[in-house]
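Read the structure below first, then the notes.
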């Protein structure tokens, strides 16, 4: 227990000082993106890993958050930073509707419905030009030249998200979420309002994903429907982050986010220019192979299967 | 007919059976008795090759079942009526029965056998088009047994066939097991209903914590002090 | 006033009348047995009481108020706990967590809920398996876990659906003891069971149904001697023995 | 009126193609319960096979059908045997792992094809590619009519196969309870493998028939995967007749949507129907028609 | 390689993902130009090294790429920029770091409307693609009614919008304007509507395969306007003609570039590309090819490899390329924007011919056209 606390403190200090240790904007950018994925992955994990409602449409909430921030600028002419607050709430608003429709379904049907939902909202964003400017996208002026403010904002968001989920899972709600995942009928018979608690989980999840979206708008300064409502690059990536790191673990998505962003960039840049160029062209292939590998050999993710990984790395056999 | 020799069985790292040996003779009714979790179902599952033993051998009429893939076991004339019925819940009653007769002679005589099963369980005939999943517990049990009969087996293994059945049906199930046996089918029966099973069987084994602790004729075991205390509640 | 009253309860499954105008009253503090051949509609009646299935017709009155149409979790909060014939453990939670989750029904903090859970587990003799995952329990313990979970919601009434199926005679005695102790703690019991030794010895009154319709009601002895019950359910052999 | 009729005809015909894509899915998803997000990618592979046969051996796509189907059968068999079946033994918290696996498979297939063929658009040009005949004012595209006919034939065959043959029953039995099927003498491993193979072969047929009408690039599969889901859910899981009805209904709905709401909303119509059916008509059209 | 011997230039392109096809053409064109430039001795004895990185079509990845190019590879300037979203993200970083960025494809108008002095754009913004078609309409076709179909991409939407505006200005009635998701199989529903409306001009902004499908299906439906006009490069590619067959005949299209244009090296580039890579190239490739030459020219002229000097050299650019003249000026609301013109080409007897502007025309514009006869009905 104690050594765990010490590790956490060291990690915390490291992240607080990171921009002063590593000055390269390139690495800072990668860490900012990874931290953003920590938020998205953790929020997905709350809904899918803990509550058992596997969403294939987290892009809905991410995108709505991003568009809220963007539309604040284009339509209301107020700072996109307001989006950091309201993006989360806007995502919750959509989540209410998504929940109303999709929670009538269970298991893979829920997954498919959320997938369809994200495609629907992408098409709405594409076609509703008067609000979203369609495929022209929304372009804002970045507030800061330096990366530091962005870094600390997203670091704060990630820390808040992980800590909130940590607290949540130790409370009544946490127990209820897991009960729902294990057996909805049993949960209902134990006095758990499954509809309500599934929605609560969804709302919290949507809030964080939406905030991450709003952050993306602020940081990247450009969005269009294909970017923020992308099935592959947002919804599926969120699942991968969760699964690679370990579903239903607090730190899993955090680990998953850094691993996924790291692996992606390593291959994309052909091991930072060391490896032959064709490796870079194969990075999408590598990505696919990685998915297959993780599911086959580390079904519970890096954190979930840590014992197993350690055994393999150290070459020890499981004790009988 | 069936010869189990010294099997050790594990679920993952957890050992459930220790050096279990027993044999079933032609045409007899053999009963396995044991408390909850003693490993009765595990034994049956191992015999029907769903689980592979780490040690020991299982031979049925000269066929090494522990080296036979599970789906081939039924072709050797041995059928397992599983615990908890395990029906094909989205298929109709009749289709479930047909699924019991996929190979050889059973396939040729399929439709005659279906009628025979309906005669044994008229309730099933009434519901032949209903989906198995919507049957009540008892109806499902009848169907599970009927499905087993469809393969025209030489030996049947029943895993708690009376579980959850009304007394009137429990009687029927036992009658039926008897009848099946009288028609020349060897029976291996696992039951909690110790009194009745011991009364009707030829021989029995008592399984405790994964080990065979007693063996003997049914009537003899009924008089055994340990059995009386632990299983008959006397 | 009866604690629970069924008024001409009807449940249709697309043409099939699984329950057809069944009425009975369960008094506070009694053990009320419900028997009937397989498929006669017992589990369906349970599912109608806590509204896993919507009722086709009729009414269910609990503590003087209709609970028709209330969501299952509301029914639980009103004080009806239930078990499932096909057990539904929260498989990848420990036994303690299973019961704690249900204790949250009456307690809001984790400490109180865990304390309550500990108490209930003790009561059900599950203390030794506290830290085991629910999925690793043998079937007998799983059935007891069902009961423990229902008890942890502090019900006034509990519905037990074949919680003794698959137990051998000595285990059966433990189960009977447990059910008696539950009643002694002031909880009314509505029980479905096929094991005559159990149901006949502990029930105050028994209600027998067949094809979804009432065929008899009365004391265990009355019901056991009822020709309709013998014909439909017990069988001649049982009656003779 | 002409606009309406032409829209309707266009919808029905495109529905034929959709049905073909849906039939494979209904087998894999509806019957086996495997959610296959690589379905469209499998079709894409079949299209490339058809293309190569056309370019190298000058095979007509309708003949290549008989090559592409076995090839995809084999590919499906390999995928099921080496990637999906092993998953059943792995215990994980979310059963949806299997879904993600197919996402990975889809990505790998796409990227391999991109490696071989680059991202360029490809197409085959046949004499009948753009031939049409007229009934009154309404034009009927010939290749689409052929695809429609083939869809009908395959539906009939599959319907019969699943309901009336022992392998068909074994397929359904395996989907519902693997262990029980094993006890009844079904080699469940082989059955799942065959089923996935068959589903892949069916979508291969769709690919070969689509090629003369459409064109080809490595990412062509994705949207069709989604369409296949819509069709399968709309028609009712596991219902072969449902697949064809679902395909045609989707085709008509999209066409009407394109005409009367706006071309940009065409895809959306499908998804909205999808969600509506999932929520308000669970079981799909199968529930209405009872087939 | 030794840092002293080479000058590193970063190129940001989508080499995977759904835009990879075009990224690939541009990459090959850059490589080809690089070989030529270095083959002729490079820049003042040094060779240019292009560090081409994959942006995967995602803005945040594009940003990773450019941060890496700047901080790790220490490039002296950056080129490329395919999709608008990535281009914008990259431009933002470049401006912040005062890193000269020569855009050759990213077409959103807004990119050069930010008053960013380090950002230069070789290609015209999306809204200016149809200028010459508008001239042709006014002078020859003189339509009364128009229908517009466009793909729902940034390029499709904004060029359709600007075309609609100019139609309104010219007094043509726009009967229908519909966007569609690229990659559809069946355009008949919307084409049936077009047929019913019977416009004088059908204007389509589509990429090559959609373009071929739309024309084939128009032929199936016997749509009969005065003219079918393509608003984008899709209608100028050989694949369009191969796929649409007879349905491509006499179609006209706006284009930014075509190998038949009388620019020095245009036809050479096309032929060389085809010979070397055994596939077709089109205007995206030409843009990249020209950009490489602009980069070489700038590096030749710059006083030093300092960012400021390169920026200055860029802004003084005034040269002829295979893509046409390149000169960066400030006009409308834009900064450092090259004023490339657009042209009209027509498929005549299976060959693409330049027909507008008149002074550059290789063949006279065929008009009016009896479509049913052309299609062989």
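By written order: A, B, C, D and E. Residues from 1 in each chain.
Note that a residue touches a chain if its C-beta (ideal position, glycine included) is under 8 Å from a C-beta of that chain, and two chains touch if they have at least 3 such contacts.
Keep in mind it's a predicted model, so treat the numbers as computed, not measured.
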Mutual neighbours - chains that touch chain B and chain E alike: D
Chain D and chain A - chains in contact with each: E
Steps needed, at minimum, to go from chain A to chain B via contacts: 2
Interface with the most contact pairs, given as the two chains involved: A-D
Chain centre separation in whole Å, for chain D relative to chain C (CA means): 47
Gap in Å, rounded to a whole number, between the CA centres of chain E and chain A: 36
Cα-centroid distance, chain C relative to chain E, in whole angstrom: 74
Rounded Å distance between chain B and chain C, as computed from the means of their C-alpha atoms: 29
In chain E, residues with contacts to at least two other chains: 16, 152, 179, 181
Residues of chain C engaged with two or more neighbouring chains: 92
Contacts with two or more other chains, residues of chain B listed in rising order: none
Inter-chain touch pairs (all): A-C, A-D, A-E, B-C, B-D, D-E
Chain A-facing residues of chain C, complex: 50, 52, 71-74, 76-77, 81-82, 84, 88-93, 97, 100-102, 104-105, 108-110, 113, 149-150, 152-153
Contact set on chain E toward chain A in their complex: 15-17, 53-54, 56, 58-61, 63-65, 67-68, 70-73, 84-85, 88-89, 92, 96-97, 108, 110, 114, 152-154, 156-158, 179, 181
In the complex, chain C residues that touch chain B: 13, 35-40, 43, 85, 138-141, 162, 165-173, 194, 196, 232-235, 237-238
In the complex with chain B, residue positions of chain D that touch it: 166, 169-170, 172-173, 176-177, 179-188
In the complex, chain E residues that touch chain D: 16, 18, 20-21, 24, 149, 152, 178-181, 183-190, 192-193, 196, 208-209, 212-213, 216-217, 219-222, 239, 242-243, 245, 247, 279
